[in-house]
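Pasting the structures in now, so scroll down.
Look for chain A in each of the two complexes below; its partner is chain B in the first and chain C in the second.
And then the complex of A and B:
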């Protein structure tokens, strides 16, 4: 996307120095709000910090305890399950909606409406759906009841709770994801569709052969961003199930939160957070590589 | 960050000190400097009562002002721990049994025993046992402010329609084998879509319209709102000693019996299955007419008998088990932060909070039952003045051997999670109750090694 002018005059050295000055606000913010806490978190992860004591160094004890902690592995397992459900449904739906918007209508009202659920604060979304999905008082169970089904324990049945939470967040984020993908589709030159149409390709074929391959860099970015976001599932769980039933929705972020601010095992929680950061880093790198995100076929 | 904020605080205090010095040099007021004490509590229903206490206290001690901060239960302990860690805790705060041990262990609470001795505070004026909850190794970490006990709350119109009036609920019996007359009442109160109750042979347990009894499954390691009371009626005790025990007894077969009885209620259709339970609180379900009865604490009186209730509720005593009728009793206290700069002023305030001067005000507002016995009577009278029958709670508190204390130990919140998960997995049928509780007990006791 950067313009590549063939001839540019030799840059004066001062430019770079000036550039650093422009970067200072961002770097300072990054240092204070990300860098410093990250380093501090790394330190806490090798201590027995409980907030009320003076942290003392315990080596890799937190990490080895984590490896033996069944709850930690369960948290990773249920998080992976959530990510799979959420990313799967959200991306497919968003792709479908974006393609429809791209090829059928370009109504601004429709686009704005799609964003509405994303604009509602997560806690409100959680409360809203907790009432709608409630086993005894929920509207959805009332509807199911009128056709003779249920009641269904959407948020209280161990096998349904995580899929329900994934569905809630899919509802909330699909519009936003669709809009990102739609913006990516707008970059695909129109003439490709025209020539594909002349060659006799139908809409489905065009989607598979033109849209999808050319959307790849944007899709990769969307996947990476939503994968990281999805791993950070917290607020919906904190509002609706609080990790119940029996840890079925105790996702990794909620696990870390409970260890840190309910049991005050700050050192242990920091170690879990570092593990999560490592996992996310590896996943992102793998994804970027597999999807060749930095290169476009639109050359 | 810390260094900077310390420097900031130092600068600020210098400025304040300079200001104060300027003040005191210009004026020649007697009676010491003006002090503002921070006081924290979590219950918004009680804030007005304690503000009234603070005003009365300020009238007697014009140089001490009390600044009350209230934050919801869910964030109260996080906020408090963070403030303590930052070295900026409130001078005085409200404490509760499961959470205060961590502050004792980390040396953050001032020992009040020397003050109590010096000022001859009469500890026998409080409801029996409450003062002892905040004692450890001869040190005293708080003075009692109030107490709560448990009772059965029920939907009066629904139960009347099923032929159960207040008199029928006054003296129910319970045992873990067939549930006694309490289970009979629960069965009667359970109604299916065809209007048949749980005792009717034609009762359809797959189409229940109103559940007779709503269990609380998010009840931590104590079962205050249910199983703990029944287990106590079988002779179960949580710990080798309370407070400050280190050996839990969750593997007691009597506790497993209680959980099995709860499971039998679900199997019979009298209670909602755990995987079909509501994510909403029990009072919401009772108000919506989906449940007929549950066990609740005296802190909920104003929710059930107040203006916000959508149906008419009344309280009945807990049923009596094989070892009599027993209710959990829990008490709160006020503690002084060990790091406060105004220890003497804070003690004056705590002493006032724990005196009948303040507790009569609190009792008169009929929000909670104050720790001082005579102030509790005032609360009862105030409730009666409003036409509310709350005797079930008071009778239970004053009955000989009618109450038991909830466990006070280190690692309270970890124990809570472990035991609650174990009980839920037993109720979901993943393991049997005895195995789940035995495993949980091993995990819990390992925390103390």
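And then the complex of A and C:
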């Protein structure tokens, strides 16, 4: 990684003392707010801590209780449903937008406009869409009303609530994802398109044969990052549905949040957080393998 | 590449236009609702502009009207002061972005250039934190900040992100690794120590990445919700995001104060819009940076 240059006297130094000063703030921040709480979180997960008592060791009780807790499984199930809807729609849309921009324009104004929904806090996005989707006065129901479709309870209907949340976040994150993919497409050498055009390939064929295969490493990376982010859906739900109706939007982050700060089951919440970390770890590992497999594809 | 007019291109531009309208129109509807008098909510047409535009909703969420006036304009009567929440959010973002960028640049430089035992091991441990979902450390951090008596203080709110994030350290280390060494070597021969090289050579050469990471940090800090919700719920520390949530809760469930809520939402977007207008090119390029890595 670092190239050693043995002929160079200046490079033979040991920078131990200087390095210490460079690293003090970051090491302190890491130790106090990452390392220490990680150890504490592990400890809480095997105790009956409620924030009001002195925690006492209960072994794997929290974990076995989780395995028997229907609400926990429901939280995992609705989270998976959300991730599937959100990542699916967001990635496909972003890919389409990126490909169109790539072939049509380099406009910075267009890109900045597409970024706007991402720059806005999720809380604002949640409120805004809660208003647009409002059953009585919302703009979308007004539109549907003009074509004779009765008011739809986008966020209050149990089967529509999670798809609505997924759609809201897709609205918010698609532009951002599209710009990441677009940046990846700019790396693809232009002559490949020119020679494909000379061979008489149409746009669709170029997309299938040139863009998609060469984009795969970037696409895979973007997928890993947005998948992990998607599992952590919280703000939109906390503002709009608060896990309702009947747990249909009670995603895992919201489940952990409520266990910890509403019911004060801190030990239980910590155990659930560790389960989430394990799930994300496995998913990342699986995706990283796919990523590496696709990287060899590029050469 | 230049191409002639074709049905495909027309279709492509049509789709992009729809996407742009779809991205922007909800914001217009937000502003439009914010300038509608609350009394008109049921009678108003759904034209692009309200029948009787007004700024009273902005005045009342900024705390510029008396309680009676706010109530008359559709408020719940609870005190709201978004001027203060906006200031809080700006201070929060500035503190985090400033300190975090500086400290992570120092560490990134040390990991990229300095030699010391255990360097790669320490770096590996820092980076492993990227794999841990934030809520896992959030629970004990909340207990810790509570033990320190820092609930409802700006110090408690910024503490966990003030000194570092693993991503910024990683990002800046990668950048410093890519810098050519020659200039730094020359500076060392001129008698500069590691600090001199860092301040006089490496930092000035890294303006682009520093701005990239700084802007990204500002955007994320502006969007922060869960942590400030737990630690900064008190009126005087409330960030805009937390205040929006509280405002919604104060508003009657049966008929939310939509005009006031949309005025407040609009205010939460204004700073971001300013950032986009002045730094749009930078922001867009910062994505190129992360996207092509």
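Keep this in mind: the second predicted complex is superposed on the first by the 261 of 299 C-alpha atoms of A that agree within 3 Å, B and C clash if a C-alpha of one lies under 4 Å from a C-alpha of the other, contacts with A are read in each partner's own complex, and residues count from 1 in each chain.
Here is the rule we use: contacts are C-beta pairs under 8 Å (C-beta built on N, C-alpha and C of every residue); 3 or more make two chains touch, one makes a residue touch a chain.
Computed from a predicted structure; not experimentally measured.
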{"item": "Which partner, chain B or chain C, touches more chain A residues", "value": "C"}
{"item": "Which of chain B and chain C A:151 touches, first, second, both or neither", "value": "first"}
{"item": "Contacts of A:258 with chain B and chain C, given as first, second, both or neither", "value": "first"}
{"item": "Touched partner set for A:189, first chain B, second chain C, both or neither", "value": "neither"}
{"item": "First, second, both or neither for A:247, with chain B first and chain C second", "value": "first"}
{"item": "First, second, both or neither for A:88, with chain B first and chain C second", "value": "neither"}
{"item": "Partner chain(s) touched by A:51 [first = chain B, second = chain C, both, neither]", "value": "both"}
{"item": "Touched partner set for A:137, first chain B, second chain C, both or neither", "value": "both"}
{"item": "Touched partner set for A:269, first chain B, second chain C, both or neither", "value": "second"}
{"item": "Intersection of chain A interface sets (partners chain B, chain C)", "value": "36, 51, 131, 134, 137, 261"}
{"item": "Residue ranges of chain A touching chain B (in the complex, touch as defined)", "value": "36, 50-53, 130-131, 133-137, 151-153, 155-158, 240-242, 244-247, 258, 261-264"}
{"item": "Chain A-touching residues of chain C, taken from the complex the two chains share", "value": "1, 8-9, 12-13, 15-16, 19-20, 22-24, 26-27, 29-30, 33, 41-42, 46, 99, 103-104, 106-107, 109-110, 114-117, 119-120, 122, 126, 129, 131-144, 159-160, 162-164, 166, 169, 177, 185, 188-189, 193-195, 198, 219, 222-226, 229-230, 240-241, 244-245, 248, 256, 258, 261-262, 265, 268-269, 272-273, 275-276, 280-281, 283-284, 287-293"}
{"item": "Residues of chain A defined as touching chain C within the complex", "value": "1-2, 8, 10-11, 13-16, 18-23, 25-30, 32-34, 36-38, 40-41, 44, 51, 96-97, 100-101, 103-105, 108-117, 119-124, 127-129, 131-132, 134, 137, 139, 142, 171, 175-176, 179-184, 186-187, 190, 193-194, 197, 203, 218, 221-222, 228, 231-232, 234-235, 238-239, 253, 256-257, 260-261, 266, 269-270, 273-274, 276-277, 280-281, 284"}
{"item": "Chain B to chain A touching residues, read off their complex", "value": "1, 78, 81-82, 84-85, 102-103, 106, 108, 218, 272-280, 284-285, 288, 290, 413-414, 417, 421, 424-425, 428, 430"}
